[in-house]
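Dropping the structures in below, format is structure tokens.
One chain, chain A, appears in both complexes that follow, with chain B as partner in the first and chain C in the second.
For the complex of A and B:
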């Protein structure tokens, strides 16, 4: 059974539109949500949580339609959206006291455990925390009622490499029992190489791909060659390309790869796939 | 159970897992009915995603190295010494076929190949 299912989510703004965003996730997996700034990641997450009212589409979490069961479902999902804004002058223990009352399943032992693990001092004021500490605090709050599904908007941004590694390890611990899942957006593709099972890529408000990570990277190849080899016929096949003084590099689908086997080809990673997709139609 | 993954070998992760675990079973380093750790624990420990581990476990099961008990986990299949030998031979043959084809392509005769193998086997 799917723990998360998003079907044909649409939201139209004056200058931006989410078009038929669909993807799904089963329990026990981590999905990375990638896309350039402004591609629609946060809008998608907010639309899923009904913080932005979608024009069309359905969202189901833990097998239930979200909007019909919003209050009840929010007990079972943890979310963290960018720009964590807790009251800055208050101490963490006070903020926590307010928030814990919203959750029937709040577990103080779990909460204390994460405070220790993240080295968070409950007597500090929110404004005294570094950006990374704020993320860790927000994660602590989102995890302390042991939600089945976590929706996290850039949880690793602003964290140093060591803290990021801690957070990713924590993600793998969370899904270890096979019953919980995590969807998180990120700009740091190495985060995904480390722990994501699935990758969903959004571009200009539309999903380009949502698949197993290895299928996603396996679907493309990087191709390189000299200026002379950059023919019009080849250009047609390239999803995106970059020209330099000595030649070019570009991205082809794995299906097209045999047709360019006279050129130097290599496997593509998530980052280069994104870069070439965004370079589409650009000289 | 020992697993050491290489990021640079170019071999897919699931294949590395399969090869290392099947080798340990064939060599008798993992006893019959040894309980393999849950796939998500393996993923967490090795800092890789869940899916390649799942693929490796499925492959191990398909080839008869392990069996699954619903709700309990995966276990090393009971082998008679004769079975182990035939499993090992199958693994060796699969690799040997590929390698021999490659050597043939390079124009090596059987004599030359055997000579090379002899000189390297003990070193």
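For the complex of A and C:
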């Protein structure tokens, strides 16, 4: 059974539109949610949580429709939308004291464990935390009632490399029991290489691909060639390309790869796929 | 709801709201427009909502395991509690008022039983304008408070004019102390009923508007 299912989510703003966003996730997996700034990652996450009211579409978590079961589902899912910024003048101890009362499954031992793991001082005020520490505190809050599903907006942004690695390891630990899943957005594609099982890529409010990580990268090839080889016919086949003094490099689908076998081809990674897709309509 | 109220009192209630509770003592000022003593609460409410905005309170609350409408419900409930406390805190001073104004209040309505009926209605008017206006954006506080206060001023202007110019009302509703009690009790009962109904309606309208707000 799917632990998360998003179907045809739509939200129209004056200058931006989420169009038929659909993807799903099974228990026991990590899905990375990528897209450039303003592509609609946070809007999608907020729409899923009813913080932004979608114009159309359905969201189901743990097998239940979200809007109809908001109260019960919020007990079973953990989410963070960036680092903690609310109540900056309050000490973490006070903020936690308020929040913990709301969760039936809140576990003080788990909470204390994460405080130690992340080196968080509960007597500090929220405003005294660095950007990375705010993210860690938000994660701590989201994890302390052992949610089945985690929806995390950029949980690794602002973290130093050591902490980032630690958080990614933590993600693996969380899903180990096969019952829990994580959807997290990120700008750091190496995070996905390290721990994501699935990748969902959103561009201008539309899902470009949502598939297993290896299928995602396996669907494309990087090609390189000289300036003379950069013909109009080839240009039509390229999803995106970059020109430089020596020639060009570009992205083709794996299906198209045999048709350009006169060029140097290499496997594509997530970062290059994103970069070439975003260069799609640019010169 | 208990947890939400705990959150409101622990994080959101502005200290000025507690201080204004003592302003019920203004009912001991000789001849004064006593309705004003109940209006200071609006300053407290404005403080609470402005500070709440700085603290991203709405986003904080909406992130808790509550319904989106509970964000509105908790806020309305806290304000209702303070309005009721503001009224309750003024009652002892109202009882003492006839000693200070033995011949009645020269500057406005006497703070009698009926007066409190009108205070209930005054808060009902504020709630009816303020909550739906504020929760349309969950962000713009000032305009919502100003509109609420303006509506209250129009209402109170009408009340003061009526109880002084309509002879029957002046005799039966503007009596000193507990004189002419049946008429006064009628106004009090009407005030409580209007307050309960209108505040409930204000909550529903505010919650429906807040549901459409993108946080």
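Keep in mind that, in the parts below, the second predicted complex is superposed on the first by the 282 of 283 C-alpha atoms of A that agree within 3 Å, B and C clash if a C-alpha of one lies under 4 Å from a C-alpha of the other, contacts with A are read in each partner's own complex, and residues count from 1 in each chain.
Basically, a contact is a pair of C-beta atoms (placed from the backbone, for glycine too) under 8 Å apart; a residue touches a chain by one contact, two chains touch by 3 or more.
All figures in this text were calculated on a predicted structure; none of them were measured in a lab.
Trainee: Kindly say whether there is room for both chain B and chain C on chain A in the superposition, answering fit or clash.
Mentor: fit
Trainee: Touch check for A:176: first (chain B), second (chain C), both, or neither?
Mentor: first
Trainee: Looking at chain A, does chain C or chain B touch more of its residues?
Mentor: Touching more residues of chain A than the other partner does is C.
Trainee: A:108 contacts which: chain B (first), chain C (second), both, neither?
Mentor: neither
Trainee: With the two complexes overlaid on chain A, check the angle at chain A between chain B and chain C, Cα centres, nearest 10°.
Mentor: Spelled out: centre of chain A as vertex, angle of 150 degrees.
Trainee: Report for A:46: first if it touches chain B alone, second if chain C alone, otherwise both or neither.
Mentor: Second partner only, chain C.
Trainee: Report for A:88: first if it touches chain B alone, second if chain C alone, otherwise both or neither.
Mentor: second
Trainee: Applying the document's definition of touch, where does A:255 land relative to chain B and chain C: first, second, both, or neither?
Mentor: neither
Trainee: So, A:29: does it touch chain B (first), chain C (second), both, or neither?
Mentor: A:29 contacts chain B only, not chain C.
Trainee: Would you sort A:121 into first (chain B), second (chain C), both or neither based on which partner it touches?
Mentor: So A:121 meets neither chain B nor chain C here.
Trainee: Touch test for A:64: chain B only (first), chain C only (second), both, or neither?
Mentor: Neither partner.
Trainee: Upon superposition of the two complexes, what minimum C-alpha distance (Å) separates chain B from chain C?
Mentor: Result, nearest C-alpha distance in the overlay: 30 Å.
Trainee: Just to be sure I follow: which residues of chain A are touched by chain B in one complex and then by chain C in the other one?
Mentor: Looking at chain A, the two contact sets are disjoint.
Trainee: What residues on chain C touch chain A, complex-wise?
Mentor: The contact residues of chain C facing chain A are 3, 6-7, 10-11, 55-57, 59-60, 62-68, 211-215.
Trainee: Inside the complex, what are the residues of chain A that reach chain C?
Mentor: Contact set of chain A toward chain C: 46, 50-53, 70-71, 74-75, 79, 81, 85-90, 94-95, 97-99, 101-103.
Trainee: Which residues of chain A touch chain B in the complex?
Mentor: Its residues touching chain B are 28-30, 168-169, 172-173, 175-178, 194-197, 212-214.
Trainee: Spell out the residues on chain B that touch chain A in their complex, using ranges where they run on.
Mentor: Touching chain A from chain B are residues 12, 38, 40-41, 43-44, 47-52.
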